[in-house]
Every structure is written in C-alpha cells, then in structure tokens.
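Chain naming follows the written order as A, B, C and D, and within any one chain the residues start at number 1.
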Amino acid sequence: MLEIKTLSKHFGGVRAVDELDFTVRQGEIFGLIGPNGSGKSTTVNLVTGIFPPTAGEIIFDGRDITTAQPHVTLDAGIARTFQNIRLFNNMTVWENLWVAQNSAEDKKATNLLSRWMGGSRKAKSQVEEYLEFSALADKRDELAGNLAFGEQRRLEVARALAAKPKMVLLDEPAAGMNREEVRALDERLRALKARGITVLLVEHVMELVMEVTDRIAVLNFGQKIAEGTPSEIQNNQAVKDAYLGTSGD
Amino acid sequence: MIVKRFYLFAGAAAVALTGVSGTALAQKFDREVHIAGFGAKSGVVRSFGVNTEGMMRAAADKINAGGGIKLGDGKMGKVVVTFYDDRCRAEEGISVIRRIASGKFVVAVGPTCSNVAEPLFGILQKTVDDKSDSGLQFPIFTDTAIKGGLAKISAWAFRNVPNETEMYKNLFAWVKKKWPNLKTVYGGVEEDFAHSRFTWYKVMDKQAKAAGFKVLGRAKWLLADTNFTTQVRAMKKAKADIISISSHPFTLCGLLKEMRRQRVKYKVLIGLTSSSSMETLQGCARQAKGIIIPTSFAPVTAAAKEASAGGAKYKASADLHSAAAWENMMVLKQVMESKGVMAKAGTIQADRRKIRDGLAALKNTQGLIGSIKRHKSGEATKPFVYVHAQGKEWKILHDPNK
Amino acid sequence: MDFYFGMLQIVGLHTILGLSAYIILLTGQVSMAQAGFMSIGAYIAGMLTVLAEMHLIPAMLIGGVAAALVACIVGFPALRVKGLMLVVATIAFGEFIRIFWFNFDYQISRGGVKLGPEGGEGFKQIRFFPENGWSTLDVAIFIWVVAGAVIAAVWWMDRSRAGKVLRAVGEDDLAAQSAGINLTVVKVSAFTAGGFIAGLGGSVYAHYTTHIEHLNFDIVMATFAIIYPILGGLSNVFGTILAVIFVQVFLLEVLRPLGDLRNLLFGAMIIVVMNFMPHGLFSAQVASRIKGVFSGRKEGANA
Amino acid sequence: MDYVQAIVDGLLFGAVYALIGIGFTLIFGVMNKINMAYAAASFAGAYVSLGIAQVVGLSGDFGLPPFVMFLVSAVAGGVFAYIVYLICFRFTPDHYELASLMATIGTLLMVDEMVVQATNGEPQNYPEVLQGIFDNPMLEFSEEFAIRGDLLTLFIVAVIATLGLLWVLFRTKLGLATRAVAQQRMAAQLCGIRVDRTNATTFVIAGVLGGLAGAMIGAVVGTLLQSLVVIPLTIKGLIVTVIGGLGSIPGAIVGGLMVGAFENVFLAIRGVTERDMYVMLLLFVFLAFRPQGLFGRVAVRD
C-alpha cells in the first residue's frame, strides 16, 4: 500500500534519513521504531509531505506522492497525528473534527459553496461517530486546549479519522501515557485495523509495538537496520546493539 | 472584571470632560459668543496649532478687555475660544468640524493644514441656498492652510491667507528689475506636502517664467528626506542665477547645508512663504543668510507688535500663519457687530448665516500690516513685504507697497 | 445631531477597515497592506463616480473587486513568507501602492475644471454625496448598510465551516495542512476577501472625505486596521466593533478636549492591553463566558 | 561618473540603514520578534543627549565635546531599549508574537508623541560635530567626484561599532550566551543560561548601538526630527533586515549599504517620487527568489 523507495533527506550535512526502503501492506499495523534521532519523525514528515525528500520515491496506493503537499497526501488517503500534539486549541472538540472532513469523498459529495458553509448533513453526523469512537462525546463543546492530555491524544486520532483515511500515521501516540491508557490505545488501534485502516505506528513504548504490530522496521542513524515480525525483531542482534548504543562506534 | 475596568476608565474621562467645559460667565457680559479654533496640536506640525490657538486666545482677551462684542440686541457678548486638535489628518478634521457645527459655535477658525482644509471645504455646501446640496452649512474662516485657491470650493469657506500667486509674481518682477542681468532660475520642491508642491508647480514656476526667467530645472525631495547630495549635485551643474525653493523649514535647512557643502553658487535665493518662520533661523541661520521670502506678517506696525506680544503670553509665536488667526478674530468681531449676531441658543443657525454673509460682503479688512482686500471667492489679497534672513532675525528687505 | 451622524459614519468606516484585517488575521497572517488595498478602492471608485459619473454603488463594487484582485495577487507571494517576514512584506507592499498613487496622474478637463487624481496633490472634489443631496444621516445610513452587510457576512462566515477552516490555519497551519486544508486556497482567499472589504471601505471613505491623497493611506492607517481586531480579540466580529467604538468614539472623540494628550494615551493603551490582555479585550475565554451567560449554562470547569 | 558618485553617496548613507538594520536583526535573532520601536527609542536617546547638551552647554555652540554626546546618547539608547524590553517583551506571552509586535507599535506611537510634546514637533538642531573633523566638509577628489567627510566618518564609526559588536558576540561569554539563546533556546535554558537576562542584555546592546546611530544621524543631518524621520527609517531598516537575512549581522550591513546605493541610483535615474517604489521592488525580488535573504539560514526542522 505504501512503498518507500531509497528515500533520503539531508539537512545541511546531516543525513536524517538515508536510502530508506520499506513497504507497508494493506490492512496491517506497521511499526517504525528506533532510538531517538534515528529519523522516524522525519520519515513521517516526508511521507505526509511536510517537506520534500532529497532523493527517493514514495508511492501510495499506486500514486506517486513523493513531492505532494500535505493536503494532497491527505487527499490520497494518508492522515496523521503529531508527536507533540497539534490540535486547534481555541476551537471546540466538535469544530476540530468538523474542519478535518477533507477526504476526497467528502469533497465530491458537496459543492464548493456548501462545503465552505458547513458540509453535508451526512458528514456532520459522522463527526458524532468519531466522537463516540474516541470516547469524547461528552466533551464536544469543550475547547480542545482545555482537554486533558490523554483526551487530546484521542482527539488527534479522531481528527485523523475524520478525513476518512486509508492509512493513518501515528507519531508516538503513547508518549506520556500511563499503562492503562496505553492498553486503551492498544484496543483503539485494533479497532482501526478492524475498520480496514492501515496503520503506520511510530512508537517508543515497546510493549505496545510488540503487542499490536504485524511487522516492524527498525531505524538507526536514518538507515533501516532490520525489518520483520515483532518476534524476529526482538531477537535481532543489530537492533539490540542499536538500542544499547554499541553500533554507533 | 473587564466591564468594571472599562467603567472606571470611562468615569474618569467623564469627570475630566465636565471639568473642561464648565466655564463660568463673567459678570459684566450678558452672553457668551463661542468661536471654535481647530488645527494640529499633536503630531508633526503641532507648532501650527499651538501658535494659532495662542493668537486666538490673545485676540479674544483683547476683545473682551475692550468690552466684548456688541450683539444684535445691544447686549454685550464675551468671546470664548475653544480649540480642538485634528492632528492634521483629514478624517479627524471632518469629525472636528462636525462636532463644532453641532455645538454652540457661531464660526470656526482653522484648520492649520491644507490637506485637512481641502476635504473639509469639500463637505461644506458648495453654493448658498442650494437646496439640492446637502453639504454642511457652517462658516469657516481659515488662517493657516495656505495652498492656493481652496476657498472657492465652498461659499461657506473663507480664508485670510496670503495670495502666493500675487506675492511671487510681484517678487520675481522686482528681482528682474533690481538685477536685470539675472537670467535663469533653478527650483527646489518638497514633493509630498500639499502646500510646497502646489506653490512650486502652480506658482513659482509659472511666475518665474512670466517674469522672463528661464527655468533650468528643479530638485525634488520628500518631506522625510535627510540626504540631498544627488539633488544638489544636479543643481550645482545647472549654474542658475536664482535658486527658488518651495519647501518647509525641515528640509530647507538640510538642502541649504548640502548646497553650502557642495559650494553651489547663486546670486539670489528665494524661499517659500512658510519658511519665513523662526524654525529656519534656528535650524540654519548661517546657510539661510540672505534668503528672500515674501511674507504677510512682520512686526513692523504698532498693531503687529501688540499682536506679537499678546501671543507671547500664550507661548505662541506670531508668524505669517498665526498672525492671520488674530486678524480673523478682529474681522469676526466687526462682522458680528455689523450683522447683529444674537448669540442666543435659538439663533445659532441664523447667526452662522449672518456671519457667512457678512464675511462674503466684506471688500476690505484691516490687517496687522495693512489693508487686506477680500475677494468674492472667499480668498484675500494680503499686503506683504519681502524679508530676508540676517543673522538671528528676519529683516525687511523691501516693501512693495511703498 | 450631525456630529453624532458623523461619528456613526467614522465608526462604520473603521469597522469595515478593521474587519478587512480581521479575516486575514484569522488565518494567522498580519497584513499591514490594508491601507493600500483601501486606497485602491478609494481611487478607483472615486474615478468612476467623478470621471465616469457612475453611481456610487456599482463604483463601490468595482473598487472592491479591483482591490480584491490586487490582494489576491499579493496573497500568493505572501504564502512564501510567514509571520514577521509577512509583516515586513505587507508594510512594503502597502507603501508600494501608496507611492504608486503619489505618482499617479490622470486628469480630464470638464467645464474648464480639471478632475481626477493629480499625483502628489491628491484627488479632490469627490462630491457624490453632497451633489446628490444626501444628508449626513443618509450617508451614515448608507455607510451602515454597507458596514452591516460586511459585519453580517463576516459573522456568518465566521460561524460557518469556512470560518473554522480559517481559524484552523491561523492556529496551526501545519496541522491544518495535514488535516487536508489547502493552505494556498485558504490564505489567498482570506487575502482576497480582506482586500475586497478594504476596497469597499476605501470606496466609501473617498466619498466621505471628498478629497484623498496618498498620505491618507500611510502606515498609520494600516496600523489602525490591525489594531482594531487585535485589541478587540479575534474571537468574533463584535470584539472588532467594540474596539472601533472604543478607539474612535472614546479615545479620539470623547477625549478630544484633552487635546494633545490623547495620542500619548493611545500608545499607552495599546501597551497596557498587550501586557495585561494580550488576546484582546474580548478574547475567546471572555467570549465563551458571555456565551455561557446567555445560554444559561454554567461555566465549564476549565473555561 | 554621475552614477559612480550616486552609488558612493548612497553607500555612505546606507551605513545609517545598516546601523538600524543591525538593531532589528539582533533582536530578531535572539527573540524571533520584531521591535518596531527600535528606531524610535534610538532617536529618543539622541534627544536625551541633545537635551543634556542644551542644559549643560548653554553658551556658544554646545559645551559638550562630541564623544560625550555620543556616549550619553548611547547610554540613553540602552536605557530606553531596556524599558522597551520591559513593557513590550518581558511580560507579553512568548508564543503570541502579535502581542509584542502591537506593544512595540504602541511604544513607537507613544515615543513619537512624547518627543512632539517636548519639542512642539519642531526640528531640533543637533551639533554637526562630525563635520569638524575635516577642514572642508567635502573631500573633493576631482571636479566630478566628491565625498562628504561626515558621512565617511559615520561610515567608519559604523564599521567600528559593528566590529565591536561582532567581538562581543563571538569573543565574550556574554556573546556566547546570546548566540546560544538565539540558536537553541531550550538547550540554553537547560545549560543554566538565564534567557530573560540574555534577552534583556541583547536589547541593551542593540539600544546602545541604536543610541549611537541616532546621535550620529543627528550629527550628519544636523537636525533631529523624530516624527518625520523615524517611520521611514523603521521601514527601511526592516527592509534591510529582510534583505540581509533575518538574524544575520553581516546581512544587515551588506543589505543596508546595498539599499542605500540602490535607492540613490534610482533617485538619480527615476526621481525622488518613484525612488522608494524601487526599494520595495528590490524587497519583493528577494522575497520571491531568495526569501532567506543574503545571509539568512535556510529553515531547519524543528
């Protein structure tokens, strides 16, 4: 579904991502892990078009999105969340979801004027469903900035869903969560999968990654050092070295 | 919380306001005649407003000391001056004149800036008794805004400002006569100020040519410029006999200094009427030495000296602009007395009309340095003299009337 | 009475000006070019009514559209620069337009009188209102019909999805883009709409003052345009209107007898508000509280 | 030859723009914010020095020696800059840049009006001390080519002041802290650098430079006129900052000289009324083709 081919990104002399290759298959939960600064977030930013790659190709669903801008990649069906939550803090929960309904399907369903005015009735009713899904129904009129941390994370996922994506990129969704919240997240990830949405999970919390993903790629210094199922990765020597910090020397 | 704060602020302002407007009526007068002054008392040209206000107050003091104004029913009215700031911005000027027109004022003296006067006269009724014209019906008697020909915009607008066309026509002819071997003129113009620009293009340039001079070119600069090297270089190359500069003291001094640096040679230096002020002497007395300027005010007569001394009490300096404010007050006294203004609450619109008609009917008025001829258009031809800068003061060079 | 109608006119005009900046500010962009857009409307509408003897209403619309077109063109390069760079870029653009009018000379002679803009001397005798016998009240009503339409349109836009899209871009353009919002379309639209409103305002302004010149549309006017929405807070249009009333009626007019001190107060007030109420007198928090009072709901725990 | 002369004149006067530009860029570099009141506060410094000169040196042509006037102006500039920091930056929210932007605009208006109140809006003579350095105010190289001595002095002093500034930034501990805050605010904080204090110091340094610039401009022009000169100078200073690259000191210098020369050439070719239009166009060309400016850093990831 998502093919990354020899993708590179250099910042000045720093090779943040270096000739990276991997493929995410339809319907799976794919984990992307690695130590701090290994290029995970850069990869997400490249895929979603925040900045263009120095070299390489990104193909999604048969469509070349290498240099596409973020709203175009969303149009192609990729939604995302951010490592440091980026909600529209002075807007209510409901409004956060309302503005995010920008899927190709929604755009087709209504004409330009009525889209700017408010979108279709069906689209609005779907907002309610995302609220339910993220257990935020009772907070719908709260300003997003006033939500608790865990709620904000949930709202960000809901916002990604509002764009009816084929695939979501979650950038460290479990960061700062307690054990119980991580478990709830685990369930929601499976629910996403059950809806047929492919998930690319960038994560530090190993428990969660090992538990929920189908396959994993491991990055270090911008390069892929391993790829495989969770159990394969757990037994990979290169990965252990990377995490223990011995391969750098 | 916020609302409470707002009330506090508004309350304080209201107190300040009532304090300002509550002036007691002196015993010996029966009524008050309210005259409004307005002009820039903040911003760049604050000095205009300060001078006009001071001269108006001094004139009011003189009138009141002489018993006030004799009203239509034989009672005596005390002149009360209120001055409003318009910051030399057109929009504010319009608000001010509307405010004045809705108040107890019978006439207004102002504004100080031509760029305010022009829109202001534009909102007045164009011709009297024109029912189809909904413009404001309120007499304005301008003292300072000098840009040519403005009063013809409206029949309610009158000006007591010097007629620069007359002045420079006369001056260039005089120069031609006095120094017959001078042939060429080079101009200088401050491009972005209504008055200076108008005076070069529509007055100096034309009158110099009419007097038989050849205009070789002109240097142009802006009000905020501080560097004149390039302009002066071109001026130097032209080697003109006469240099005629239409600009305000700020840039006049900068230009003169640069001319001296580059050792520009000239026989005669002519300046803009507005530059015949103390600012020029304070700024560049040395470089401005000998600059000839026609002006409609100089403390040469007893009346002029009295006005100067009166203004000094209010920290106002009498110059060709502000002296007109004094003259206006005296003319208004005369008009009001001859037309029998009542200055009662119910007669205000009639009083205004009387004043307008009175001003329109005037053929001659007595100015501080001589008789002023008034025209149908609402403009005036004021007597003038040529002054030139000598050291720290302006000296009379020539009086064309003598 | 005329005075109060005159006040109404000024407040209406400045409300239009403030709202033109409001729309652009919603997207997080500070446009210091509003005075420039206003001047385009002013000069074009003025030329249409004076030189072409057109009625004010079509002239006004054409003036607005012309300003919108220019604003749209400005909107594209504005995308390349953000934040404070945009402030500088729009200051420069506003000045550019102003200097253009300073050099713009187009006069025709009619009945021995020269009409039309004359470079540095300005454009005089735009007397549509008095020539057609409109009283001060008529003009005030007319200005408020225009201002009312603008207020209603912006208010309605603000409540609709479009308003939320603008706000989303303003709060976090990266997140908005990642949520599928096309920044180019949104930012350029905001500029265009802001330009149109400023152009409308300028068209009326020219006829209000009867004489315009390039110095009317300097950086001070541009500053006024953004001061209103920022002082008022960006939570809704009423903040801007309140700020206009506060500045124009209270600060300039009620305090006029204070004379020279007013302008000191003006600067000081901006500093005080920005220190103590940086999100404006009427911020999102205050707005939601007021909303809560009206709908009879209790304040939320965090509100 | 005419154009050479125009370029040289412009370059020399461009030093003024460069000095103002450095002030903007310093503050931008450290705080990522614009201080619109910078030029106003700098000129206010020059007014203070003039005021003191008028009080102290009542007799003759100003009793104070020139370097004292410059010193007083520089100190006053520093003090004003600190006040501006306090009222516009210290207590306004850090992430909401509009607040400090508006506050500095408010300060600009207020300082302007205070000077108007103090001087009646009239221009004040500033002693032309720089001219005294040369016997002849013009250094004439030929009939066709001459240089203004005082502008040359201003240029040289500006260069020296800039070198001094660079020395402070790159050779002292204070400079190290400033650069650290500019580059990585958070990390600097973690290293125990007090960001508030560093910010304030930067303001004072910029203010001292500005006070010096204000006094020198006063000395070159011969007059101080706040309300007319400051806003155009602020606009030019901002343009210089953007052209040079936000936060880059060499950029501000080169940008300042460049704008000075450029505008003077266009003054010679197209006349004064169109001059500034071309300066704006130069800015647009930069924004379109090189938005990071001459020496600016390309945006890096967060």
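For this structure, a couple of remarks:
As a working rule, contacts are C-beta pairs under 8 Å (C-beta built on N, C-alpha and C of every residue); 3 or more make two chains touch, one makes a residue touch a chain.
Nothing here was measured: the structure is a model prediction, and the numbers come from that model.
Within the contact network of the assembly, the step distance from chain C to chain D comes to 1. Separation of chain B from chain D in touch steps, taking the shortest path, is 1. Relative to chain C, the most remote chain by averaged C-alpha coordinates is A. Counting C-beta pairs in contact across A-C and across B-C shows that the higher total falls to B-C.
Averaged Cα coordinates give chain A a centre that lies 72 Å from the centre of chain B.
Inter-chain spacing, taken between the CA centroids of chain A and chain C, is 41 Å. Rounded to whole angstrom units, the spacing between the C-alpha centres of chain B and chain C is 33.
A separation of 47 Å divides the Cα centre of chain A from that of chain D.
Listed for chain D are residues 113, 116-117, 231, 273, each touching two or more other chains. Residue numbers of chain B whose C-beta contacts span two or more other chains: 42-43, 46, 191-192. In chain A, no residue reaches two or more other chains under the touch definition. Residues 2, 10, 13, 16-17, 20-21, 41-43, 46, 83-85, 87, 89-92, 94-96, 98-99, 101-103, 115, 118-119, 122-123, 125-126, 131-136, 153, 191-192, 194, 197-198 of chain B touch chain C in their complex. Across the complex, chain A meets chain C through its residues 48, 50, 69-71, 74-75, 79-80, 82, 86-91, 95-96, 98-100, 102-103, 115-119, 142-143, 146, 159-160, 162-163.
Across the complex, chain C meets chain D through its residues 30, 77, 80-81, 83-85, 87-89, 91-93, 95-96, 99-100, 102-103, 119-120, 219, 223, 226-227, 230, 260, 263-264, 266-271, 274-275, 278-279. In the complex of the two chains, the chain D residues touching chain B come out as 2, 5-6, 9, 13, 113, 116-117, 120-123, 125, 137-138, 146, 148, 217, 220-223, 225, 227-229, 231-232, 264, 267-268, 271-273. By the touch criterion given at the top, residues 42-47, 50, 191-192, 220-227, 229-231, 233, 249-250, 253-254, 257, 260-263, 279, 282-284 of chain B touch chain D in their complex.
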